[in-house]
Amino acid sequence: MVERGERAKHGLIQLLLAINAVVMLYPLVVMVLSAFKSNAELFASPFALPESFAFTNAARVWNETSFVRYLLNSTLVTAAAIAGILVFGTMAAYAIARYPFPGRSAVFLFFLSGLMVPLKLAIIPLFIQLGAMGLIDTRAGLVLVYIAMGLPSAVFIMTGFLRTLPGELEESARIEGASEARVMLSIMLPLARPALVITGIQNAVPIWNDFFFPLVFITTDALKTLPQGLTVFMGEYNTDWGVLFAGLTLAALPITLVYIVLSRQFIAGMTQGAIK
Amino acid sequence: MGGKRIGRLVLAATAAWGLAASAARAGEITFWTWRQEDKAAYTELFNDFTKANPDIHVKFEAFAPENYATIVSAALAGGRGGDVLHVRAYGGLEQFAKAGYLMPLDPQTVPELANLPDDAKAAETLRADGKVYAVSFASQTLGLLINKDVFAKAGVQPPETWDQLLSVSRTLKDKGIIPIANGTATAWMDEVFTGIFTGPFLGTAFVQDILAGRATFEDPRYVAALGRLLELRDFLPPGYTGIDYATGQQLFLSGRAAMFAGGSFEIANFRKQNPKLALDFIAPPAPKAGEPRYVSKFYDGGYAVNAKAANKADATRLVRWMGTKEYGDKFSALLGNISPIKGVVIQDPLLAQVAKLNDVSMPYIMAVHFRYESPTGSELLQGAVQRMLAGNLTPQQVGAEVTQGIARYYVPFQKK
Amino acid sequence: MTAARRRAVWIAFLLAPALVVMTLFVAWPLLAAFRYAFYGFNGLAAAQFVGLQNFREVLTEAPFAAWTWRAFQHNVIVFTVLMVAQNGLAYLIAFALLKTLPGHRVHQVIVFLPVVLSAVIVGFLWKLFLHPLFGLVNQALLLVGIHGPPWLGDESTALGSIIFTNAWHWMGFPALIFLAGMQRISRETLEAARIDGATDRVLMTRIIWPLVAPSTTIVVILTFIGSFNWFELPYVMAGLSGSPGGATDVLGLYFYRTAFGNVSSGLQDFGHGSALAVLMFVFIAVVSALALRVLRRREIEA
């Protein structure tokens, strides 16, 4: 009896997951199909197969933008920003989560406050600030802004996870004479890998897709990021949606692959089971 | 943890940034615009300019239109930005001019201002100091775009009176054609829609009364004109409250709809998307046969000189050239827009026809007169008409909401 | 150097880089922008100090006060619905994934895929699905005899439609946070509960739920802040003015179009725009600080 009930329940869960998978995946199929359509086709029969699978739109992306150059810039900017966010964010979060020190809550709230208002508001002071530092129209300026923008959520998420790690491991390592840095790097952080993945992905996606900050800070074509470069297809009275879809679908590929690779961290965590 | 790898990445990235600096070439000025789609035309125009002024090269830099104002205001506040800037007109111009970001153009340094009609100059004038800050580039006319093939196939004629509009629409609808392609989901199109169809019912007399403080938007003439719009709801696409601007355009372009209430700026856009389209542009229908069919008209914007431009002399030369007949002729021919410069000859027959319609025109009232302070007449009207066409507000309520909002800063409305 | 001293230097070293970057590129510019809230403007240039006038106007004077209040109410709805629908479903999915049934790896990737897409694409895609003329949603409803509304064009369904799209786009994220929290529960705890005869329901509500409290804290706070800063998706799907008729207007849109102007209707008004942003900031900061205290206490109790 128990067996049968169990199997039925598993079946139900599988069904739930399957329905979820369809709802999640079907729009993505439509997205890919749309990349092959013209505006006229997109608005006449958005869900049908495209009239042809010719790479007209992709060709326009290729010919009318410096696609490879933009892709390279986006990769560089996103990678540098994520590296900065993870390194600086984890360091700060570790201090907040694992050491009692005066002003700890104040520091934590200072970081958190960076999340509470859209940084777009500060675009003009930010522009002036970057200008004063000679960072307008440079990728470095963009990276620094992204790091600053990502730190609040990184510190918040990482602190949340690091706080809950058991103290015994840490203590026994200390007793064995390990330095604080060693405790952090080789004992505690490996346990926080899923949290690092979450933080990385949560920040990488908006940075990878952002076109607002590059539009304001970058004017040199050779320094443009991919989403920024693709806004050239957004006209005043007409946007080339098909071309935009082709460009943005291509842009989604690398980050999807990165996620699939990183998601192993999770699966590893699951099969390795409990951390006591 | 791959710390070393990350470190190496950061180093490599830092090295790459060093290559970023780009110095502007001597004799090069930049032109900033939101018209990304006009790159080819401007490149050609600027080549002409450089031929006449071999020492000046113009670099075209275009930005996403919806973010253009934000980008430009950040850059100007930081003392940067293009040397010559594409700017909007009326209130949109004033906020930049008031802050001292633009260089005033006077008739001595820019004698070409004399080539522009008064209302074009007024559109680019800061009311506080009476100075002109930009050379106007195009006027836009609002009216009805007609798909001639669809009309011919349905055996109907473009409407000249309101009653004809209703009967033609009825016939079209009975034949399974959407009479008017517009939906109401995109807010700014609701103002366009209102301007087009209420214009002939209001005329220039009403605008004079509003400006003289003799009438408000609660005036029976205005309320009645808004009420007329409700008669058109039957002839909009099914589910029109969910039809946005892009869908409306495509319905018209594909021939599923016969008319599109829009601006002359659509002509070039529509032709590019569907070169085979048999396009006509007519004035909105008159209340009764023989009465004037007012189109609404406004100026799109102009070319201004950045007050912080490194080389104002060169920038001024470019702007002066953009005020010549030579420029206007070629601009109109290449971009399918109506240059306001006096004596410009428009070759394209349809565009010439639109220019002719401007003889019986009235100002596009909210954009021209009530976009100087918040809340603007435009944002008030757009939201209210959107709700009215959905059946959630009456014309009286729309008139009252708009009047009360504008009364915040427009004294004549305050005593009412 | 004493041990305590060494410890202090180590902590300072950990905190310094993040603090410097945050101060230079977030805190300082934001404070500078907040200052605008106390100024009257001459076009785009700050002119004279006006004290609290901008605040008074956006909070009490027509028509701004009505817009502020309307937007705020919409944000409350967004937060509530996302908490229940998006995060509730995310919890269920995380639980289902925890069971490591056949195919769980694939499902884990799938549930997260939409998260990587840009809001421009997601917004446009769902506009197509919800389209009144050719939208699949209404065509499917027609099969069972229901005439669907023009979802995004109807004042009563527009906000809900965008919230739904947001849930579709982002659900993978809370699911992953919950999953990460669930993985940390020891196998023994779960086994012991099972042996005691706990059903899945009991497991989900009584055993796991209290133990994933740290994850819940993160999800609740991020959802709260995200809901009150909501901008991109409503911008893509309903436009800067919150069509139709303000039915989808939220504080993010309202603040942005007030400060930076709507090209086709408005002006840039930094004074009122910054005042709105300061109000948003104060509200979010106070509520999240309080919520954090409550949620943290809950973690300790569990």
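For clarity, chains are labelled A, B and C in written order, and residue numbers in each chain start from 1.
Everything that follows uses one rule, which is that contacts are C-beta pairs under 8 Å (C-beta built on N, C-alpha and C of every residue); 3 or more make two chains touch, one makes a residue touch a chain.
Not measured: the values here are computed from a predicted model.
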item: Of B-C and A-B, whichever chain pair has more C-beta contact pairs; value: B-C
item: Per Cα centroids, the chain farthest from chain A; value: B
item: Cα-centroid distance, chain A relative to chain C, in whole angstrom; value: 15
item: Interchain centroid distance [CA atoms averaged], chain A/chain B, Å; value: 37
item: For chain C, residues that touch 2 or more chains besides their own; value: 131, 260
item: Contacts with 2+ other chains: residues of chain B; value: 65-66, 70, 73, 77, 247
item: Multi-partner residues of chain A (at least 2 other chains); value: 43-44, 84, 87, 124, 128, 241
item: Residue ranges of chain B touching chain C (in the complex, touch as defined); value: 65-66, 68-70, 73, 76-77, 88, 91-92, 94-101, 183-188, 191, 237-244, 247, 371-376, 378-380, 382-384, 386-387, 390, 392-393, 401, 404-405, 408
item: Contact set on chain A toward chain B in their complex; value: 39-40, 43-44, 76, 79-80, 83-84, 86-87, 123-124, 127-128, 131, 136-140, 143, 185, 189-190, 211-212, 215-216, 219-220, 222-223, 231-232, 234-239, 241
item: Of all residues in chain C, those that touch chain A in their complex; value: 7-8, 10-11, 13-15, 17-19, 21-22, 24-30, 32-33, 92-93, 96-101, 103-121, 124-126, 128-129, 131, 134, 136, 168, 173, 176-177, 179-180, 183-188, 200, 214-215, 217-218, 221-222, 225, 229, 231, 252, 255-256, 259-260, 270, 273-274, 277, 280-281, 284-285, 288-289, 292, 299
item: Chain A-facing residues of chain B, complex; value: 1, 3, 6, 9-10, 13-14, 16-17, 20-22, 34-37, 61-67, 70-71, 73-75, 77-80, 246-247, 249-251, 253-254, 265-266, 269, 272-274
item: In the complex, chain C residues that touch chain B; value: 42-45, 61-64, 127, 130-133, 149-155, 239-241, 243-246, 258, 260-269, 272
